[in-house]
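Next come two complexes built around chain A: one with chain B, the other with chain C.
Moving on to the complex of A and B:
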């Protein structure tokens, strides 16, 4: 019996070892669940948009709902200029959401509970947003570090603080998602272990906690995907509409 | 005989009203929790980034431990700035 609450996060190789130029590129259980999430998203959206009925069935309704949800989120936070980036943000939101949700199934692996996965996504967003900002505004984009209305004496200090604040974006973005997912799944496992060790007499209390925590974790899984996507929109807004 | 029918529909309307209010309350609570998580990491991340920058600069210029101390405080200031910005954004949303 796996009683170690951290054991669920171990990455294992599936199939043969693939090594290219000393980099381990083997297919792992993490990769497997990424593929599963992607396939589930594609199937869900394909089946949801296959029959274009005026009165939609349930699947089509959910697919349309997720579309309008993200579209509204983008237009609310980043304005109409961000419309070309809809495919990227929609894919990002759906991927994070489905990775989190697939991770909620028993015996599955939560891809987003590894900081390397979330950090790569956050760094990609951070670098992309910075490049978009420089393409749209040229060197004027540096003015994001210099807020208006600051006395000249304080300017060097404020600029350094602004730069640190800007650089902290990918860190906070990735750590938030990773920490939430890892903490939640560890907690579930710990309470599950309590149920087993307390047996049939005392196990009911942790079992009820476990049930409640599962509900909370599903909420957190959705919420963190939402926060990840909305912060991407906010960063994109800063890059597209420079108003400092 | 008309009364009970009328009362039933009115009861239905009132019940659905209460239910929708409860649902919106639940949704609000969910966004509050998201906001709380957001603020916490926002503060910590900036401090961590500031300290790491200080550490790197210290090893570059061989000025241990002065820059790490300075950049720790600058990072803390940046974290507070982040939190204030995030809080302002939340107020605008409401």
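Moving on to the complex of A and C:
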């Protein structure tokens, strides 16, 4: 079973079984790595903001860089109106990034490689953005489905397409992250399996592939966190600044 | 987008086949979905609250502090620069004034000295002229005196010579008249 590349994604219960109203809410390895990621984030931010120096040390610099990175991302895509949502997007970005990065460690578990996790995040964003849109603009928010400057003949078709694309947002957002993480980790596992099966003579080629893929996966881990956050910003922008 | 949709369809198709066999993708096994959702929401909520309440304000404070400090320092620097420039201007004005004063003093003292030299020169020239006149007078007096004494001497010499040659004494007044006559004739040769 160890050679099965999907083995790494199995969720196992750790500790006692917790059941509330007949629903299994046991603490699993997935939960463990969520907690580890959150603890690492909090530790990083704690150490990064502990000393208030004018000239920052390394950790403080990284914390401030991540702050300005996300702040710039939000102000560039969603403008100044999105400022109240900055903590949420920052938390989201850091959580996804650290889950991806912790998942890159050998023998660890990648939380974001599970569709249910990414889907819940994406659905939450989708519903929240829709609610924000309706609160800010009322029924005028429906005009998001009717782009301006479209010929009247095409308007019904375009509107249908817009509605479908709007509704497919949570699916695309969640599947993008989940599929990227799963595919990368599966590929790493497959090449790792090749190294073992080809032995000391032939295993060097897949090993070098593995090394290269690890670098690529670290890039993807960062990139997907960035894409997840920036798409959230774009959706938020649609809800806050209603124009096309 | 197309790629992801096709991937999703493929995944769904695979999962439909594999889920029943309980192999394949553990992601599509709904056994722990509720648990993952519960723990995700719990962990993320805690993370969100701690980040938004504690860490982001701290980092923001720190960034603002630094920005303010830099702004303040820059302002101070520009203020000092302005002050320095004003001082430089002041110095330049003072320097210019001093230069003017120096040239004025130089000019004035030169004038005074020139005048002084001129007046002294004039007085000295006058004195010299006076002295010259005095000397000339003396010389002319001396000349007159010398003429009369020469006449007397030459008169006595003449009377002596005549007395020695002829042994007779001549009338003094006639000798005197003769000497005077001769000297008047010849005096222009010597004077």
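The rule we apply is simple: the second predicted complex is superposed on the first by the 238 of 244 C-alpha atoms of A that agree within 3 Å, B and C clash if a C-alpha of one lies under 4 Å from a C-alpha of the other, contacts with A are read in each partner's own complex, and residues count from 1 in each chain.
Assume a contact is a pair of C-beta atoms (placed from the backbone, for glycine too) under 8 Å apart; a residue touches a chain by one contact, two chains touch by 3 or more.
Keep in mind that what you see is a predicted model, and the values were worked out from it rather than measured.
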item: First (chain B), second (chain C), both or neither touched by A:207; value: neither
item: A:42 touches, of chain B and chain C: first, second, both or neither?; value: second
item: Touching partner for A:113 - first (chain B), second (chain C), both, neither; value: second
item: Partner chain(s) touched by A:162 [first = chain B, second = chain C, both, neither]; value: first
item: Which superposed partner A:123 touches (first chain B, second chain C, both, neither); value: neither
item: Which superposed partner A:27 touches (first chain B, second chain C, both, neither); value: second
item: Chain B versus chain C as contact partner of A:95, first or second or both or neither; value: second
item: Chain B versus chain C as contact partner of A:242, first or second or both or neither; value: neither
item: Which of chain B and chain C A:171 touches, first, second, both or neither; value: both
item: Footprint overlap on chain A, where chain B in one structure and chain C in the other make contact; value: 171-172, 175-176, 179
item: Residue ranges of chain C in contact with chain A within the complex; value: 1, 4-5, 7-8, 11, 23-29, 31-41, 43-44, 46-48, 50-52, 55-56, 58-63, 65-66, 69
item: Interface residues, chain B side, partner chain A - complex; value: 30-31, 33-34, 37-38, 41-42, 44-46, 48-50, 53, 71, 74-75, 77-79, 81-82, 89
item: Residues of chain A touching chain B in the complex; value: 157, 160-162, 164-165, 167-169, 171-172, 175-176, 179-180, 219-220, 223-224, 226-227, 231, 234
item: Footprint of chain C on chain A - complex, ascending; value: 4, 6, 9-11, 13, 23-28, 30-31, 34-35, 38, 41-42, 45-46, 48-49, 52, 54, 56, 60, 63-64, 67-68, 86-88, 90-91, 94-95, 111, 113-117, 120-121, 171-172, 175-176, 178-179, 182
